[in-house]
Amino acid sequence: MNPERGVQALDESYSDAAKGVIAMARFAGARGWVPATSGNFSARIDRGRAALTATGANKAELTEAGVIEAEIFGPKHPRASAEAPLHLARYRNAPQIGAISHIHSMAATVLSRRHERAGYVRLEGWELLKAFSGVETHETVLDVPIVPNDQDTDRLADVVEQRLAALDRAYGYLIAGHGLYVWGADAAETVRHMEAFDFLLNAQLHEEGFR
Amino acid sequence: MNPERGVQALDESYSDAAKGVIAMARFAGARGWVPATSGNFSARIDRGRAALTATGANKAELTEAGVIEAEIFGPKHPRASAEAPLHLARYRNAPQIGAISHIHSMAATVLSRRHERAGYVRLEGWELLKAFSGVETHETVLDVPIVPNDQDTDRLADVVEQRLAALDRAYGYLIAGHGLYVWGADAAETVRHMEAFDFLLNAQLHEEGFR
Amino acid sequence: MNPERGVQALDESYSDAAKGVIAMARFAGARGWVPATSGNFSARIDRGRAALTATGANKAELTEAGVIEAEIFGPKHPRASAEAPLHLARYRNAPQIGAISHIHSMAATVLSRRHERAGYVRLEGWELLKAFSGVETHETVLDVPIVPNDQDTDRLADVVEQRLAALDRAYGYLIAGHGLYVWGADAAETVRHMEAFDFLLNAQLHEEGFR
Amino acid sequence: MNPERGVQALDESYSDAAKGVIAMARFAGARGWVPATSGNFSARIDRGRAALTATGANKAELTEAGVIEAEIFGPKHPRASAEAPLHLARYRNAPQIGAISHIHSMAATVLSRRHERAGYVRLEGWELLKAFSGVETHETVLDVPIVPNDQDTDRLADVVEQRLAALDRAYGYLIAGHGLYVWGADAAETVRHMEAFDFLLNAQLHEEGFR
């Protein structure tokens, strides 16, 4: 193996992942899903590394300067977002995940509190459920898990991973009063899943308003 | 007839139809009506052919590469959207239709489920009903049909066409939990009808919220 | 007087009025207040003439080609909007009016139907009432008249003018299930009054939702 | 001290503050929070002076021509907004404040009336409370004060300052039926606080709609 080419390949894979992070962040920013510098985004580079938004960056105008390279199994990066553990635990436990977005959309935030006691929001019978990878029919029941909020994000990540380990499939989860985590095989699929969750949670919000 | 000119004429008519498809798709995309790569759009070329969005394309950024030429009476195109039968059946049964849009607007989706049992949403007395071709007064009752959703789109197209055959006039219909189909004499009229449905269904949603 | 300069002055005053019409139309179009080619706009040229949107133009992308010169006391212009009488009657009866906008905003349309029987929407106590020319305090009660819709716009204009003649002051009125008419001393003031009505009617819609 | 450099330094500090004012105003304008020329914005230059929006300017398109230099302890500037006293009293009483925004967002306006009798809107348990400087956990209760509206802004400023003096911390307050005042250490922090208030008050509005 030519070590120079190896280094170049690594740089390219980092750069591609960082571009995915920026694309997801700007997509969310343009839709008002990361108000007041909230939200964070990551894309896997390989088994052990991920590109991740740095703490404090304005996600709606994210550039490469606001992205860091985080070790999935290693110590915390000094500029990592406080919510980095929630990203990295997902990469450790789900090798099929290639990208993760965390957003504060209004419908996600409101429903996460409304259904906190139940522990999930049920999405059922909507055609747009088919936007989630592997869903083939609207005759689907998707219970989106809700976990209580916790400022100790290592502890929170443990609670989340335990909860997700018990599920057959999951595309995301809600933290009560906080927001949505959503993932996919790559940045493009994660963007599609973000849009699907936002649409479905808004539809759900409307539907519950009728009752 | 000069065969070369004939071919050129065909190409031009395809190109014009594809432009109409792209215009409708981008119009809908800019308004958030095709979330998560949903939605599809078509424009008639002639009696037997229509330009139609290919499966999987991002409609909000549609280009000609995402448009195919479909045979209205022929076999399914390999890249056709899974919902192609719903478009083509309309062209077969209604020669006056020149363009069709399928969108997932929020109001359409929510109302399609709320009134599924009734089988229609009634729009009545609104001035904007006059935006539909041939409607001359707000003193109009337009019952927009709702059909149950079905992943077998050939079967669904049959149900839709039977339902529409019984009506004096129709500008569109809803599929429950799914979205809106809307058409017009050409792409421009279909855009106007899309806007009219979106406005009227939103007004209806507001009005029902009061009760 | 140099007749040529006189003609030029007339042309300039028409051109200025047309620019005001276009500015109001595009402002409304950018906010979604003229869906499906609805809405119309005018600006007074002098005592006897006004620039007015032609029928059928897309107001959101209005250019001078979609504006005509209408006679305030004369016969109907062949390309005038069907709602021209509602504009021209205002100019005849209220010499201080320099510009008029007719829009289909959602809040205006929904509230116009909800309060049709009462005959008015009451706006009271909001600071933004001060955006209306001559209002100096939030301690103001503004009853916005609502008239029933009518496709005979000459008859409708008579009903409107009778209703307005009985009021001390008015900045606009609602037609039930239809939309809002709003005016001001010039196009800029009319834009400010449009924005104020839209904000206040939306606030009102929210407030009524609580009850 | 070189007097020329001294003058230049003053000009630069004014110019920086004016840029902050313009940035806040355009941010608010792009989000529809300053309808109908409402809203005003300021940024502290030094202990005794602040850049402040002039009366009547369109805040969404603010330029330096719409900004004046106001004396914090001095007489009223002839072009100052009628609400200048509400800005200047804050600068006099809170030396840590570097910038202030006053906006008419829909959620702020509606909730300011709904909770006027209670005298505050309680924001509690939302993760986005951490967007406010110094808030470290979502387990926070923030009571946003509401004061009755008053056209005498000197008297209103006294009422506001008395109310705020009794609080441990405050990031903003509501005037009933009017809008929101919000501040921060500089223009960037004030923008973040504006976004946080708008998000949280919208979430609150949704949540109250459920009850």
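Note that the chains are named A, B, C and D in the order they appear, and that numbering of residues resets to 1 at the start of each chain.
Note that in this section a residue touches a chain if its C-beta (ideal position, glycine included) is under 8 Å from a C-beta of that chain, and two chains touch if they have at least 3 such contacts.
All values derive from a computational prediction rather than experimental measurement.
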Expressed in ° and rounded to a multiple of 5, what is the rotation angle of the C-alpha superposition of chain A on chain D? 90
For chain B versus chain C, which are copies of one sequence, does the interface use mostly the same residue numbers on each side, meaning over half shared, or is it different? different
For the pair chain B and chain C, the C-alpha centroid-to-centroid distance in angstrom is 33
Between chain C and chain A, distance of the C-alpha-averaged centres to the nearest whole Å: 47
Touching at least 2 other chains, the residues of chain C are 209
Which pairs of chains touch each other? A-B, A-D, B-C, C-D
List of chain B residues in touch with chain A within their complex: 35-38, 104, 106, 109-110, 113-114, 149, 151, 175, 177-179, 205, 208-209
Can you list the chain A residues touching chain B in their complex? 125-128, 131, 136-139, 192-193, 195-196, 198-199, 202-203, 206-207, 209-210
